[in-house]
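Working notes for the structure below.
Order as written gives the chain letters A, B, C and D; numbering starts at 1 within each chain.
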Amino acid sequence: MPPIDHYIWLSSILFSIGVIGVLIRRNGIVLLMCVELMLNAVNLLFTAFATNFQDSAGQVFVFFIMVVAAAEVAVGLAILVMIYRNTKSVDISLLDKLKQ
Amino acid sequence: MGSYIAIALFSPLLGFTISGLFGRFLPKNVTGIIASLSVFVSFVCSIMLFNHLHNGGDAVKLETFNWIAAGNISIDFSFLADKLSVWMMMIITGVGFLIHIYSMGYMHHDEGFYKFFAYLNLFIFSMLTLVLGANYVIMFFGWEGVGLCSYLLIGFWYANKEYGYAARKAFIMNRIGDLGLLLGIFMLFNVFGTTDYQTVFSSAGTANSATIELICILLFVGAVGKSAQIPLFTWLPDAMAGPTPVSALIHAATMVTAGIYLVARSSVFFVSSELASTIVLVVGLVTAVVAATIGLKQNDIKKVLAYSTVSQLGYMFVALGVGAYSTALFHVTTHAFFKALLFLGSGSVIHAMSGEQDIRFMGGLSKKLKITHFTFLLGTLAIAGVPPLAGFFSKDEILAKAFYGNGILVFILLAVTSVITAVYMFRLYFLTFHGEFRGTEEQKHHLHESPSTMTIPLIILAILSCVGGGLGLSSLFSHHHFADTFLSSVLTNANIPHPSHLFEIVVLVVSVVLLAIIILMTRSYYTKKQNVPTSADEETGFGRILSKKYYFDEIYKTLIQKPIEWLSNFAHDFIDRKFIDGIVNISGRGVTVCGNYLRRVQTGNVEFYLLAMVVGVIAFLIIYQLV
Amino acid sequence: MLSYIFYILSGLTILTAIMMIAARNPVHSVLYLIITFFLISGQYLLMNAQFLFVVNIIVYAGAIMVLFLFVLMLLNLNKETEPQKSMKTKLAGVISGGLLLVNLLGALVKSNSSTESLPITDVGLVKNLGMVLFTDFVVPFEISSILFLAAMVGAVLVGKRHKGEMEAISE
Amino acid sequence: MVLIIIPFIASLLALFFKDKLAKVLALTASVVQLITNFVLLSGFDLKANAFQYFSSYTWFNSLGLNFTSGIDGIAMVMLLLTNLASVLIILSSWDNNYASMTKFLSLVLLMQGALNGVFLSMNGLMFYIFWELALLPIYFIVGIWGGENRIKITFKFFIYTFLGSLLMLLALIFVYLHTPGDHSFEWDQMIIAQMTGWESTLVLWAFFIAFAIKMPIFPFHTWQADTYSVAPAQGTMLLSGIMLKMGIFGMIRWMYPMAKNACGCNYNIFIILAVIGIIYAAIIAIKQNDIKRVIAWSSVSHVGLIAAGIMTWNKEGLQGGILQSFNHGINVIGLFFIAEIIERRLKTRELTQMGGLAKYSRGFSFLFMVIMLGSVAVPFTNGFTGEFLLLNATFNYHVILGVVSGLTIIFCAVYMLRVYQLAMFGPEKDNGIRIGKLSWSEFVTLGLIVVLVLAIGIFPNWILNISETSVDGLLNIMKGGKTL
């Protein structure tokens, strides 16, 4: 088995890829997907530590994160659909209404 | 004996309460009688106390309650009737009583009758507190109280704007002096830990002399304000705006002599402080001369008397300055008699003239106002120093003390002032009572002698002015100087040799001759030749300066009032509005400006926010790792 | 032996993740992400976290990603219609992400790195995890159902067509 | 405790009543409050140097926020003032018919409760909470019932005071972190906080600015004249009569003991500022034409003297300061009420528009006169004793400062007499408006004030005795510090 460090490396890389994805894409759906990727990177790390310390709490947390992620996706996608309905696009660059 | 003090104090206070609260519902005469009676009761008490002390009794002390207690400061509300206090009490209640009676006639037509008597009673109460207080703070209480009454009474006819200003001026100028007095009291607290007379005076020797000098000077500042000395004298002539009995009582006989009382009371300190005494002397002397010269050119009957009062007060301060404290008090006494007489006489004249005060429009009144004329003449003779009237003895004594105590220069200046006094008094007398009547026909028709409530006090005062000198006959006439003997136990007089008989005779002769010349000259100038003085604006040269009162008011206005007003505007408009508020506003505007710039950051673009967030997190992490 | 599998899986995960963000077509992105999730599930299996392995596949790869696909199809976004960002922005994004990575790894390097391999445990077995979940964590577990309910209601509410919306669209 | 609860309950109750009934209720509540206060006073041991009626309830343990209250002599004086003044203020609003009077009275009562809380608190955080709570009602009172420009001015006032509050909170937390053992916000713990001289100085300055803004001391005063003149009469009375005393009280109770290790030289700066304020405000007051502004500036001037006196840090000064706080509260309420009475009749506050009012209102001019004299500090009115002690303390502290601050008795006479003269004396204005008869509530309010002015003038010891032991105690605490 590889040491815990390597898991950290892996999840850091995945997390960063998620961040980069959020920053360079304009499609709202892809953005959500990148968020999922980041969540998964964290999940992986949780599990790795749980294994390392032989503590099941970490894995329970992963489970809860998944729960939250599922809920988040449901609501997030609903919002996106809504946005699409209003703007005929899921391009987040068009969303500059926050300015007002 | 303490109860006499209590009654003496309480009775005018009761009178004040009755006439103040119920005066509106009582008939005028009843109010007047109650008020006068209350003062009479005080007078009787003073006589009892006087008797007690005169027969060798100890000073009476009345302790009531502890007034203020905080830390080291403990002030008892207690009173002390020693010889000095009782002496003053006699003058205050005696003259005060006469003036109360007089006022019943004088103020009879005034709608504020009851208010007037309420104030007068309050004044008597305050003045008694002033002289009876057993420590400086109680004295200060009375001191402020009389100032307040003076303010109220000067502004009695408040509907007149000028009178209001005069009242305010009096109060404020007094306050300037009061500050000095207050600081002096603080110094006393600082040095002695108490201001109780008996304690303070008995331990006076323990303090170092520089401190004593300073205390004396501060106390004297207070006296200058109250007794209208240079540079704070200009309020007194303006104070003539008040009803004439007020001028007689407050601004001639009693309140203005509070300064003399204060210095005399502190004689223990003053005697040992050279500098302070010199200041007292110089201020008194300058005031005496300046006020007398101004008096030469005044046309308002009351203003002439007012300047004369200032001048006479200057005399008293000269006496104090040379260390002849009992002499000063002697002069206070005689002055109270004849100056009250003169003021009341002038009041009678004004009464007859229906309010006219300008002597240029009088003349020849002696025919209609016989009693007034006669008593006024006696007063004039007394103040001019004609022997054997009261003024002669007291003035003569001051001259002698100045000569022996300080030297020839002071003596000459005082003598000259004395001559000037005689000149303006006779000028006043002749212009008012002799010659042709210069007023309107209506006034002429209206001329009448005053009612007996007014003339009786005049007569009594005239008698007192004649025989008052008996209180302090000079050594030429008698070996018993009553005032000196009575007061010397409480006053620490400086050691001034008794004048030689030769000196006295010379002074007596010279003054009689001089006075005779003056009387003749003024008579011929004003009565025979019918010269009438011009108004101030028509005067030329030095006369103009005199009639403009050396431009004191104008100088004060330019040097003090204007700068303060300017400062006020400057402070409000510039420092407050521009500067401090400016700083406040700048901080506000700074935020606005920053906000304007920062607003551009808020593009509303979600991507930008995301990027910013990530950059922020990175920055945070970097910092975290570096630290 | 297991280490090699880990490295292979890791390499593939990273690769597919990159493909995911690089793909122009959103549908491709979804597919790459599904692969990524499967690979990550493999990692779970490697760590003997069987329960998570199953849940990950069911929830993520199965439910969530299908939902994504559904939405994409529904909105008809399966073309390369997505407008691209300028190169500058992309570069900024990549640099930021890279910096973040450097930071994270820098932190790791600074700390005491351990070379011990992970132990093999059985905490991740369904049985063990179930015990924990229904004893110690039973309250949060139940509460999560409320969360779901809320999310469901929220999604329906947001997704519902409001009255008068048609006019807004036609404008 | 009861002192805080009564007004709060009454303030809630008042909301449910119609105008007239609300007035009765508010007045009753405040009178009951005052009676309670007197009952407390009668059970108060003047000789004991301790916080009496001490009670402590845990509230938020983790924050160190306990509901600790206690009364010492100083607080007792302040409480008396608060409750007395509240009665006067509510009474003075009897003839006012503001829109939604109910809310107005409710706010006044709320304010009373909060102020009582400030004076009772023995816990730093609780003190802060009540301090802020007292601010809210006045913000609404000025903001809703104020005159022209009220929003802008209220805003300025609010920003100023919040800046002060912020600094105070920081200082409190800072001291909290230095309390021994488990950190605590309790007063008795906070005063033994271990701080170096430098830290103490920081705390001192933070407290000083906080309290100086409230009082206000030059140069933190610019909110004051504006706010006073724009606020409704009762608001001004609350602000000047009681709220300002929070600053003074805060200085005595919190600032000194907590920053006792700070260098005494800081106090020099404070006193100099205070003395500048005395003269500065007095000079400005001389030229103001709005009667409320004159009184406002005079208040700055008087408060400057109080501040200077208590910061000399000797017993006379402190006693004088406490006494004068009480007196100033009474006098300034009287003066502002007089301004209000005149404004009710004449619809103006411009002195130039007045004149000759004395003629048809003898009673009024008498009452006005006595209150004015109290402010001018003529002996036998309450102002004299206070100013006497304060000036004496300042004089002993430093001769020049004493002389300069002594000028106040001259300037005060100048501007007060000017007001009185312009308003009451002189020829009548031909607009035919007169003061006429006072209504019973006006008469009772002013009458009470006049009685107080004279009574305290004659028996100042009554107040001085209450606070004496506590001042001694305070001075003992301070002896541990470097200041002395």
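Annotations for the structure displayed:
To be clear about the criterion, contacts are C-beta pairs under 8 Å (C-beta built on N, C-alpha and C of every residue); 3 or more make two chains touch, one makes a residue touch a chain.
Bear in mind that the values here come from a model prediction, so they are computed numbers and not experimental data.
Any chain touching chain C that also touches chain D appears here: B. Of all the chains, the one whose CA centre sits at the greatest distance from that of chain B is C.
For chain pairs A-B and B-C, the one joined by more C-beta pairs in contact is A-B.
Between chain A and chain B the centroid-to-centroid distance comes to 94 Å (mean Cα coordinates, whole Å).
Centroid to centroid, with C-alpha atoms defining each point, chain B and chain C lie 99 Å apart. The geometric centre of chain B is 37 Å away from that of chain D, both derived from CA atoms.
Between chain A and chain C, the centres computed from C-alpha atoms are 5 Å apart. Contact of a single residue of chain C with at least two other chains is seen at positions 85, 89, 92-93, 96-97, 100, 104.
Residues of chain A in contact with at least two other chains: 19, 22-23, 26, 93. Working note: touching chain pairs come out as A-B, A-C, B-C, B-D. Considering their complex, residues 19, 22-23, 26, 92-93, 95-100 of chain A touch chain B. Interface of chain C with chain A (complex): residues 2-3, 6-7, 10, 13-14, 17-18, 20-21, 26, 29-30, 33, 36-37, 40, 43-44, 46-49, 51-52, 55-56, 59-60, 63-64, 67-68, 71-72, 74-75, 77, 82-85, 89-90, 92-94, 96-98, 100-101, 104-105, 108, 113-121, 123-124, 128-129, 132-133, 136-137, 140, 144, 147-148, 150-152, 154-156, 158-159, 161, 165, 168-169. Within the complex, the chain B residues that touch chain D are 66-73, 115, 137, 140-141, 144-145, 148, 151, 155, 158-161, 164-165, 167-168, 171-172, 175-176, 178-179, 182-183, 186-187, 189-190, 564-565, 567-569, 571-572, 575-576, 580-581, 584, 588. Interface residues of chain A, counted against chain C in their complex, comprise 1-10, 12-27, 29-30, 32-34, 36-37, 40, 43-44, 47-48, 50-52, 54-57, 59-60, 62-64, 66-75, 77-82, 84-86, 88, 90-91, 93. Interface residues of chain D facing chain B in the complex, by the touch rule stated above, are 156, 159-160, 219, 221-222, 280, 283-284, 286-288, 314-316, 319-320, 323, 356, 358-359, 362, 373, 378-380, 384-385, 388-389, 391-392, 395-396, 402-403, 406-407, 409-410, 413-414, 417-418, 421, 424-428, 458, 460-461, 464-465, 468.
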